[in-house]
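To keep things simple, chains are lettered A, B and C as they appear, and every chain counts its residues starting from 1.
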Amino acid sequence: MDQIAPTTVPITDAERDELRRHGILLTGLEELYNWGRSRSVWPLNFGLACCAIEMIAASMAKFDIARFGSEVFRPSPRQADLLIVSGTVTKKMAPQVVRLWNQMPEPKFCIAMGACAISGGPFKQGYNVLKGIDRFIPVDIYIPGCPPRPEALLHGLVQLQEKMRGQTISGPDAPRHLRADLDCDCPIPEFGEHDLEPPQNDILFQPPASPVRTPKA
Amino acid sequence: METPEQIRDRLLARFPGAQVTVVVNGSPSAQHSLLVDAAHGREMAGFLRDDPVLKLDQCSNVTGVDWPEKEVVETRKTTVPDPAGGTPKIIEEKSKRIEPGCLEVVYHLFSVALRHGPVVLRMRTGNRTDAVTLPSLTPVWRSCEFQEREVFDLFGVKFDGHPDLRRILMWDAFKDHPMRKDYVEPDDYEWEPTPHGDVLAKAKKHFPAPAAPAAAPTPPTATA
Amino acid sequence: MSTEITPSASPAAGGFPTSGMQDLSPGGAHVRAVHDEFHGDLLEVSMGPHHPSTHGVFRMVVTLDGERIVKLKPVFGYLHRNHEKLGEGTSYLGSMPYTDRLDYLCSMTNNWAYAVAVEKLAGLTVPERAEYVRVILAELTRLLNHTCLAGFLMQDCGCSGTPLMYAFREREKILDLFESLSGSRMMCNYQRFGGCRVDPPADWLARAQTLVDGYTAFLDEFEALLTGNEIVMARTQGVGCMSAALAVSAGVTGPALRATGVAHDLRKVDGYGVYPRFNFRVPLGAHGDVYDRYMIRVLEMRESVGILQQALAGLPGGPIMNPAAKLRGFRPKAGEAYGRIEGPKGEIGFYLISDGSDPLEDCVAELSKLRVPLGIWGCNGNHEGYADAEDDSQEMFQRYGMRLLRQSAAPLECRGGRFGVDSPGRAGRLRARAPGEGLICWRVNGATVSLPGVS
């Protein structure tokens, strides 16, 4: 299929507004596609621990996540777009989280909500605590906090929507679901004798190369 | 409610040949406990539950404790009289011995019917390696079922007579007993911005030594 | 005869996951039909650890006869965060934030239970005002918890969020109070050993009073929608019956135990804190079914409102913290204690064993073994000042035969030379010195050594 290079639209905003007043919307396919996707992100009904209560609070009347498009929390991963990992991911739970992630159809996104999902949080020294879900699945947005306020979750959701709106629908930077060459399956860790095997997904999880942060020049 | 000494005396009268000692609690809580031997543990537990004076029908808490082996240094002073009639000499002898460790299971028993408690029951294993079997009190109090499984999972105490002894918190293939004092965590380090102490030691092991600073140092770029 | 039913695998299509389709859960079979000679054909479903109900990660392998659960095998451990192991490596106060996260809806009562256990271990008393404040916060937590649980019950019955929304509306009001008092909505970390962290100001108490005054109206509205509701009654009455004997033997406590008819509420049985001063009843159920457990919670909420009215009216003045309770250098004697309170979900207890050690004292003991002719000297740091532990550290040094200088100096003579050891004042400034005394001085870990006659 030939790639048609995007051209600048030779029309001013004033003219665009005039057209809109007559009921004609002029936009690009990418913008329309991304607008539709980002304004209707349906999360998976997935709560692990304390952050889940704040996630539920964000979906309730005072904070109301529905006005951002996340009207329903789907119980089935087959129908969900967003996995909000809210709460501590233990090593016993980690394979199930990866399985759920694999079961979600593309396009899918992941928000690591709370310190535990980002890096293990206050329980980092635990023998059963996974030091961050980004060891096994790709995370798009990190929301720090213990627990983060519902407003913080909404801010993270808005950031995710901005990220989705910035995606191109063709070319090498297209998202995963529009690229036939990518395999979106994440390998599921097994229960080993002392730890999960493998303890992390080395393709996804790449910490910086030096043990101490070098100051910027 | 009876004092632990009174309960001990009644237990010894009812079960001759059993060993019951009162372990004095040094803290102001004054919750002294009864150390019972493993051979008579279950019978004595049944007695405590059914006795009309105590009626300890609720086992509220089952905990495991790991007492690692301790090196004890004892100093013995002996006075040796001087054969010449002078001042006697005081000779200090220091002897070291290893007190073997054990695993201990502590039961906190309450009475819902008579509204008293706690009576603290303890049982100790022979050592921390091979003699780790204790009688299960699940036939006496149903609440011990999950809690004894937890003690088995985290400490490694085997409960004889437990209907379903398997791991409860960790996965079945897990080999270690994490709450023991000598548990070694898997070597699993991730980057921290300000490592110090043993975290820094782990960091140096996982990351190669940083290269000599170049003329124009660039900050590391995060990948993926 | 049993048939295995496994979902058919979809054909692979560019990135669609096919691995692991046959084994969706670690136990193996996820849905299968089982033939039991006593019950006929049953269905075994593996539910969880991710499931549509709002009760956290928990796996159940249920055997169903139609809609009746015949057998249930629970699998735990999906949220095992090893608080005990973490507690071994931190100080007593350092474990307080972990207790917030045990039962994350009710952080105030978790804090209180841990504080009770440590106070028993160390023999600390709590001032009266702090006890009243603890009761107020615990009863607010009980209101919050029971409201949410009623909402979650309805959510799991299929009400799809409407009762939950009303419940969370009230929860938000209580969380506003918690946030303005302790700084955090959920993880309050508010109780301390020997009292509470912060004295509630008068306007906070006024807001609490307003909330409590308006709570009965909310309970009336909530109950009018739910308690007499035909569907709620059909779904919950006669379901999940538990006998009193089983409940006691299985160690069930709290509203679930009281729903079976056993009168066991630690606020009455143990009479901890200042609960004996308040006039309240303990509701008891008769059947031990889900409806009874729901009704117990509703009635307990009404009693909690009564306790809150009494506590807010009778709140005395005085300190909020026991002045003798030291936060820094807190070292209970060797021993153990089990402390428990009636949390909203039932008994919450902590069992602590102390070996009487203090890492700071161990360090001082090691230092005292040094053989130095002029003795060992030290001075306090600013942390001791903040924690009012200056007397304690001086006493500890004296016990080990060392000298601790507090805004004073000591002249030393050694091999014909004279010099002085100074300690800085709390502001870090050196005291004035007489002319001819040492002018060059440098800090050695907070203490200064001055040399005479050098300019």
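Here, contacts are C-beta pairs under 8 Å (C-beta built on N, C-alpha and C of every residue); 3 or more make two chains touch, one makes a residue touch a chain.
Computed from a predicted structure; not experimentally measured.
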Mind having a look at which chain is the central one, using mean CA positions? C
Among all chains, whose Cα centre is located farthest from the one for chain C? A
For chain A versus chain C, what separation do you get between their C-alpha means, in angstrom? 31
Using the average of all C-alpha atoms in each chain as its centre, how far is it in Å between chain A and chain B? 44
When the centre of a chain is set as the mean of its C-alpha atoms, what distance in Å lies between chain B and chain C? 23
What positions in chain B touch 2 or more of the other chains? 169-171, 178
Send over the residues of chain C in touch with two or more other chains. 26, 77, 80, 82, 85
Residue ranges of chain A touching at least 2 other chains are 92, 125, 127-128, 191
Spell out the residues on chain B that touch chain C in their complex, using ranges where they run on. 25-29, 31, 57-61, 63, 65, 106, 108, 112, 115, 118, 120, 141-143, 146, 167-171, 178-179
In the complex, the residues of chain A that touch chain C are 45-50, 52-54, 56-57, 59-62, 75, 87-88, 90, 92-93, 95-96, 99-100, 102-103, 105-106, 122-123, 125-129, 146-147, 149, 176-177, 180, 182-185, 188, 191
Can you list the residues on chain B that touch chain A in the complex? 169-176, 178, 183, 185-186, 188, 190-191, 193-195, 200, 203-204, 206-208, 210, 216-220, 222-224
Name, in rising order, each residue of chain C that touches chain B in their complex. 26, 76-77, 80, 82, 84-85, 120-123, 246, 248-251, 253, 262, 264, 269, 332-340, 347, 349, 351, 353-354, 356
Provide the residue numbers of chain C that touch chain A in the complex, in ascending order. 14-17, 19-20, 24-26, 49-52, 54, 56-57, 77-82, 85-86, 89, 97-98, 101, 104-105, 161, 164-165, 168-169, 171-172, 185-187
